[in-house]
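Here's the structure we're looking at; comments come further down.
The chains carry the letters A, B, C, D, E, F, G and H, assigned in the order they are written, with residues numbered from 1 in each.
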Amino acid sequence: MQAATTPRAGSALVPEHPLEDLIRSDRIPHIWCPGCGIGTAFAATLTAMKSSGIDLHKTCMVSGIGCSGRAAGYVKLDSFHTTHGRAIPFATGLKLGNPELNVVVFSGDGDLFAIGGNHFIHAARRNMDLTVICLNNLNYGMTGGQVAATTPHLARTTTTPSGNPDAPFNLPLLAWASGATYVARWTVLHTRELTESIQKAITKSGFSFIEVLGPCPINYGRRNREKALQTLKLYRERTIIRNHADPSDLDVDFTKQVILGEFVDKERPTCIENYDKTCRLPE
Amino acid sequence: MQAATTPRAGSALVPEHPLEDLIRSDRIPHIWCPGCGIGTAFAATLTAMKSSGIDLHKTCMVSGIGCSGRAAGYVKLDSFHTTHGRAIPFATGLKLGNPELNVVVFSGDGDLFAIGGNHFIHAARRNMDLTVICLNNLNYGMTGGQVAATTPHLARTTTTPSGNPDAPFNLPLLAWASGATYVARWTVLHTRELTESIQKAITKSGFSFIEVLGPCPINYGRRNREKALQTLKLYRERTIIRNHADPSDLDVDFTKQVILGEFVDKERPTCIENYDKTCRLPE
Amino acid sequence: MLEQITITGFGGQGVVLAGRILGQAAAIGDHRESTLVQSYGPESRGGACSAQVTIADDPIFFPYIQNPDILVCMSQSGYDKHYMTLKADGLLIVDQDLVKPVGGGEYFSVPCTRFAEELGNKMMANIIMVGFFTAITQTVSQAAARQTVAVSVPKGTEEKNLKAFDRGWEFAAATLKGRRHKAAGHIGVVA
Amino acid sequence: MLEQITITGFGGQGVVLAGRILGQAAAIGDHRESTLVQSYGPESRGGACSAQVTIADDPIFFPYIQNPDILVCMSQSGYDKHYMTLKADGLLIVDQDLVKPVGGGEYFSVPCTRFAEELGNKMMANIIMVGFFTAITQTVSQAAARQTVAVSVPKGTEEKNLKAFDRGWEFAAATLKGRRHKAAGHIGVVA
Amino acid sequence: MEFWRVPLDAQAIEISRGEVHVIEDRCKGCGYCIEFCPRGILAFSARFNKKGYHPPEVLQPKSCVNCHYCEIICPEFAIYSVDLSSLQPPGL
Amino acid sequence: MEFWRVPLDAQAIEISRGEVHVIEDRCKGCGYCIEFCPRGILAFSARFNKKGYHPPEVLQPKSCVNCHYCEIICPEFAIYSVDLSSLQPPGL
Amino acid sequence: MTGDEACAEGALAAGCRFFGGYPITPATEIAEHMAERLPQLGGTFIQMEDEIAAIASVLGAAWAGQKGMTATSGPGFSLMMENVGLAVCTETPCVIVNVQRAGPSTGLPTMGAQADMMQARWGSHGHYEIIALAPSSAQEIFYQTITAFNLSERYRTPVFIMTDEIIGHMSEKVIIPAADRIQTEWRPKPSGRKDRFLLYKPGKNGVAPMPAAGEGYNVHVTGLTHDERGYPEMSVDTQAQMMDRLCRKILDNRDDIIMTESHHLDDAEIVLVSYGISSRTSMAAMQQARAMGLKVGFLRLITVWPFAEAQISALAERVKGFVTVEMNLGQIHLEVMRAANGKVPCHLVGHPGGTIIAPDQVIATLKEAF
Amino acid sequence: MTGDEACAEGALAAGCRFFGGYPITPATEIAEHMAERLPQLGGTFIQMEDEIAAIASVLGAAWAGQKGMTATSGPGFSLMMENVGLAVCTETPCVIVNVQRAGPSTGLPTMGAQADMMQARWGSHGHYEIIALAPSSAQEIFYQTITAFNLSERYRTPVFIMTDEIIGHMSEKVIIPAADRIQTEWRPKPSGRKDRFLLYKPGKNGVAPMPAAGEGYNVHVTGLTHDERGYPEMSVDTQAQMMDRLCRKILDNRDDIIMTESHHLDDAEIVLVSYGISSRTSMAAMQQARAMGLKVGFLRLITVWPFAEAQISALAERVKGFVTVEMNLGQIHLEVMRAANGKVPCHLVGHPGGTIIAPDQVIATLKEAF
């Protein structure tokens, strides 16, 4: 069962997949479903890490629990799959324990904004030196598709069988209001912009947040009559890139239009800078 | 040891204190220190409850843990002193369990925004029918004056002995960004405005948030060279009332100027309205 | 009488649903006792997954199956993991395109995934398998199985799924006929 | 030798600090053993509060005091709660303005809160009490107590606090003198 | 330390006459009522209350305008003013 | 279902020639590479891979412009393109 | 019907009209079923932001007068522990379901275990008593959920249902009786003058009547040590009184609370002790052993906490030994040992988790040890 | 110096350079002292947003190569339990101090107890083993904190220091030895080829070497059941292997871990068993009893978990009885009973909390029972 058209990948004749050195290929195929957006966002993260020029030996990935939270398990770097919602405080300790490390948090919307919401806003407030990538698939994928704090109003999930009564968070707005110094949103279809954005976030100090919209065809998609390809079509047809848009305009409502772009990119002293300046008196 | 100038309060000759029927007078004097702002904010809350005309038999107060969290222990209504940070989810269950109840959450900045921050933003997102009053004294009073998520940058506390390295939250901004439909800020010196504001919040449905700045002379004040009266003077000299100010201008920095007022007062369906409409299908 | 059936495959193939249909058909349709235990991993799709269905005339204490009477494999990895557990005289049923049994034992096979793709939805492979299984093993009655399929699938897809069931049933009928036909000749890997 | 001292008052009067000064003066200054356990409520100010100081020549196992040798009361409620625990031949010391002992037992008193207000800071009442206590009881040496006051109070307030200590000490000296003076007369509530 | 004598909302209050009551043992001597009474008619008394604080006393009872500010700023439910007329029912 | 054939950033990519490689057993048949290849040169094969999916095959190998879009959109690390020149070192 | 669904149906039958939850494998299906069914019955389902909020909301709903429930698994159970303490201390009725999976930590989320049994007893700080039940089939989980609510209301205490992934996900026939054949209880209600009402003054059974918010009793409820009025009182005496009440209402009513099921204990020489899914293994093993001529009996713990120590102590006087069968490395086994008090040997057939224990393992231990 | 301060100083002496905390009475002073001292020593103090974040940050710092600590009391201890499980499962060294106060729930925040002892053993979900120490004076808390770090590093496991409000707030003389007189240990470090390194392949003592992030080992750390590589593996066998390693590294090294102190056990007829603050009561009571002519000995548990059951079982063969003295209503008492195994009577001098137990109470029990 070999590809008839090309020689075997990785053989002497053929170069490896360009990310082969950064993935734990002994664990591939990963657990993500066909058409799941996580893999693409994860690949973009690895590409950005590589192209950013940072020292990969000093680079870590931290995840919480969830389908997106499995990311840490596939990157061939020091990687930590923690508890549900706690990736950010774990990452905070990791970074404070050794400020030389580049710490990237990759996790899901449920993990980072439902159970983990408090850690997010506090890390943003402190301007903690982390890059946080949230794969937002509008629901809890891993547990079978329950409502999340990002699920659109009236969308169907297993715990909102007649539609979600509540309104979702506007994540970039929340990040900005909490003090994040870099905030962006892309979809997995906007892979190149996403990759550039992650690269920028990784090289920038302070708290960076990137929301990545990606399909969960199996749970969210199935219950809301969206096949994976249809979701990607929505990403193309109903999005518009508007850098520096007003954060309060960034609701995710695909019945209207969803704004993508780089919304915040500002400077303020980071948590570590502040600590060093304030608490480590020179005397 | 009687007041020589007036007959004994509560005696046949003299009317009682106007709030006597709403306080558990068998527990007075309360635990709050001399000059502590909590008592004044608490009294304003009781006055607002009375004057709002709501059915007091159907009115509850829920608090978390902290000096401010002791409020629930002094009101002669159904009152709940819960666990640290969990006043809002407890209140959520109380309200959903019996939507006829008026539920007022009265607690401290540490309780509501450090350990309890996640519940706050989620309740605001859902537009849960609660009135949340946060006594912000810029630190953890009850445990002896540690840094809070509201402590000004560089202020001294027992856990930031050389000054707080971090920046505080802008609470009204966070409330607005999370979806609160009524947001205001006052100081205990602005007792009348505060009382009116609370009254408005209680009678309005949905999630209302009122931040009340009040001194903690014993812990915050002592370490930052502010006696209680000095703090109240700051409240007068360094505040300005600007209703509908831009939420992002609302940082609390008494070295500059602090904006007070009613910032948000809008309508959107509440959690209970949404649930009834979406999940309780008429069929 | 006690029959123990293990069904294995990938998550997403509907292995558990197939097991549930069989168990429910036996319990509700045929008025017997049944238990179904499932085993699956963290993956929503593509992980190893199995359903263990016990059908009996008396109450069932121990719902796990160590050595099934019947093993149904819808993936190669499921087969690889489970074929050693099948009873010596047990019955093996596989997806014809996805599973290549080793050794020379007898077994039945149905190209249920291919059939499902032909019927327009790969997700119906399990229902085809249920139809095939029912005809081959007669562990549950056709009526009970068909009826349970109808109430177990999403509303609006009943007709399609019954068609899938019938497709499996018919293929089994043809297989059995072919096998009877060849019975005089060699017995080995068939259909 | 083992001396057990209980100091009670309101939170915020510095009762625990007073206890700590005595314990530390004994341990570091006078090279004896000491323990201090404290008891207080949730209030930062105004709640009932007590410090139990044990001073001994040998290691102290049990740090709690059931029946103190010396009871110091800086609040009426502290007195009310504790006076029954004082040993039969124990010594009672109170704040003269805030505590009115019952019954006719002998005791010493000092208006330490009033003195502290006169010295400009009510918060120094405890240090005045330490001075008074040291002179009256001689449980710790004056030098050790004075020295410990100096290192225990906030930087910049040493001088004021030493003045407070001395004020208490001197008032005790005067009291003792008065008492010796009256000793030939009736013995009872004095000073 | 000097504080201003006009509460933030003095102008909003109708002027009438009041009688101030102090529940002395509730007072914790914060001084807010004293400092913020628009008529400056309160002062610390020399007495200690049960808790060792000096509760306020009214220096010029006749000057109270019943503005209630002492009442609403007091964190202790320890001071309040009543409309003098309400104490003297018509006919007495 | 019809999808557009021009990736969002097609204009940004320099045109060269590429060779596409598929690691078939990694593929889960999502079809993204097929749908979003700007040259429309990929299609599902009829084969099942180990997991029961039909991996893509290249219909017109010569038309690949080495834009890498199939590579970066693939969630499975299953497809990638290499610059044809890099496979043929000068001199060979 | 799966065990999880049966649990949800049992709750509804018991009168539960509030569910505050947070998804977690393998308990999610309980929440999903409640989300579907509760609004149809005038109740309310809410998915909270985490398990801490979930249990806090259940306590709030209980004080609003509802019967409330939440369901979780190990990681969420750990997070709930602080507020379990609040429920115990404030004597708030509620039911908490733990569909156990293999741990520690995230462990094997989709695979069963019974390793949170001691956590159920001791997981919150401070000393307290608790009630925990362990069903062994989908049908039984239906009934035990009703019983859990009844005990919870009767004793004003949180009650745990300690089930596991296997039962939770197992499909079995479940017969749901007509509503009028189901006995449901409510917390004792106060009577008499509202202004003289004492929130924590015990009535019969040591349990105090409980009003709901809005009924005019002006209750004060606190997790601080409190007196009979419910007022916080920072004193050793009040602490002693409160602790005495909290513990005795459970311990003095053990006869009412502890349910067990006996199989062949009359002539048993060796007694299997087990609960939940492992009792199915034990039943099968007992039958096999009997068939082999071994005089094996089986004591099934339906109530796991409070522990049936009197019964085991009594058995210890006349049997030759105990074998505890459980999917952990020895938890209830420790209790059996303590209750047996050295009278007879106690063995463990334990398992680190991930799959049910095979009857063979029990037989092997029986053969080896006796 | 208070016990809390001595604890912080012990941590610093042990090489702790990270503290992630959240204030709570009566443990706050530890955080406050660390906030002051750590930046002076090049370390980092951070007050996190809650206790869950506090312990999570400590685990992160541990993987960055630091020795990390947090300190809390009952309510916070309950909240930390989920991540205690993560620490156990990922074999992350760290020290967690619980300055116990009276519970359940908020209880008596400013008053001591010893009622979280069983919670320390069983508070997180799943089955696991843990180490817990119980100091009885300010001086000892200084040394035990160092020992806690050493054990934590040696066995790659969280270690609890179970102290209480009384010791935490008690002022006593504490002698801090010169740094070179203090022995500190570090986690075993890997050697050999980095690309062949196996994160959970045990070395001597059953403990696997542990690299830090950034050292080039590309470790994967997960709370899921994992194999020797650290990779998640959802299988019963892997679960069994992992559990075996996690439990055995503690249980097989009990001799190294368990520390006790014996007083007059040689001729003792009755043995007091106690720990922490209650051992001071017990010492006083033993002296009083001896003075009265009673042959009373005293076994002080310095290590409470794993439990010194072998020692107690051995004593049970020759003494007349045990009396456990603890500030709860019987926790370690249960373990003593189990270890005594019915050989001799076991009595409890317990207390609901709020104040230390008086020696008289012990004497009274001794007189009554023996």
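Things to note:
Quick note on the criterion: a contact is a pair of C-beta atoms (placed from the backbone, for glycine too) under 8 Å apart; a residue touches a chain by one contact, two chains touch by 3 or more.
It should be emphasised that the depicted structure is a prediction, and the values quoted were computed from it without experimental measurement.
Traced through touching neighbours, the fewest hops from subunit F to subunit G number 2.
Using mean Cα coordinates as chain centres, the one most removed from subunit E is C.
Separation between the centroids of subunit G and subunit H, computed from CA atoms only, is 29 Å. Each chain gets one centre point, the mean of its Cα atoms, and the points for subunit B and subunit H are 39 Å apart. With centres taken as mean Cα positions, subunit H sits 38 Å from subunit A.
Counting only residues that touch two or more partner chains, subunit C has 41-42, 45-46. Chain contacts: subunit A has residues 29, 33-34, 81, 83, 114-115, 117-118, 122, 142, 144, 149, 160, 162, 275, 279, 281 touching two or more partner chains.
Residue positions 39, 45, 49-50, 52, 75, 82, 85-86, 105-106, 109-111, 222-224, 232, 234, 355 of subunit H each touch two or more of the other chains. Of all residues in subunit B, only 65, 81, 83-85, 114-115, 117, 140, 142-144, 146-147, 149, 158-162 touch subunit H in the complex they form. For subunit E in complex with subunit B, the touching residues are 1, 3-4, 8-9, 12, 19-26, 28-32, 35-36, 45, 47-51, 53, 55, 57-58, 61, 69, 71-77, 80, 82, 86-87. Here subunit H touches subunit G in the complex through residues 52, 73-75, 77-79, 81-82, 85-86, 88-90, 100, 102-111, 113, 115-116, 118-119, 121-128, 222-225, 234-236, 239-240, 242-244, 246-247, 328-329, 331, 334, 337-338, 340-343, 352-355, going by the rule given at the top. Remark: subunit D residues 10, 13, 45-46, 75-76, 97-98, 113 touch subunit E in the complex.
Contacts from subunit F toward subunit C in the complex involve residues 28, 48, 50-52.
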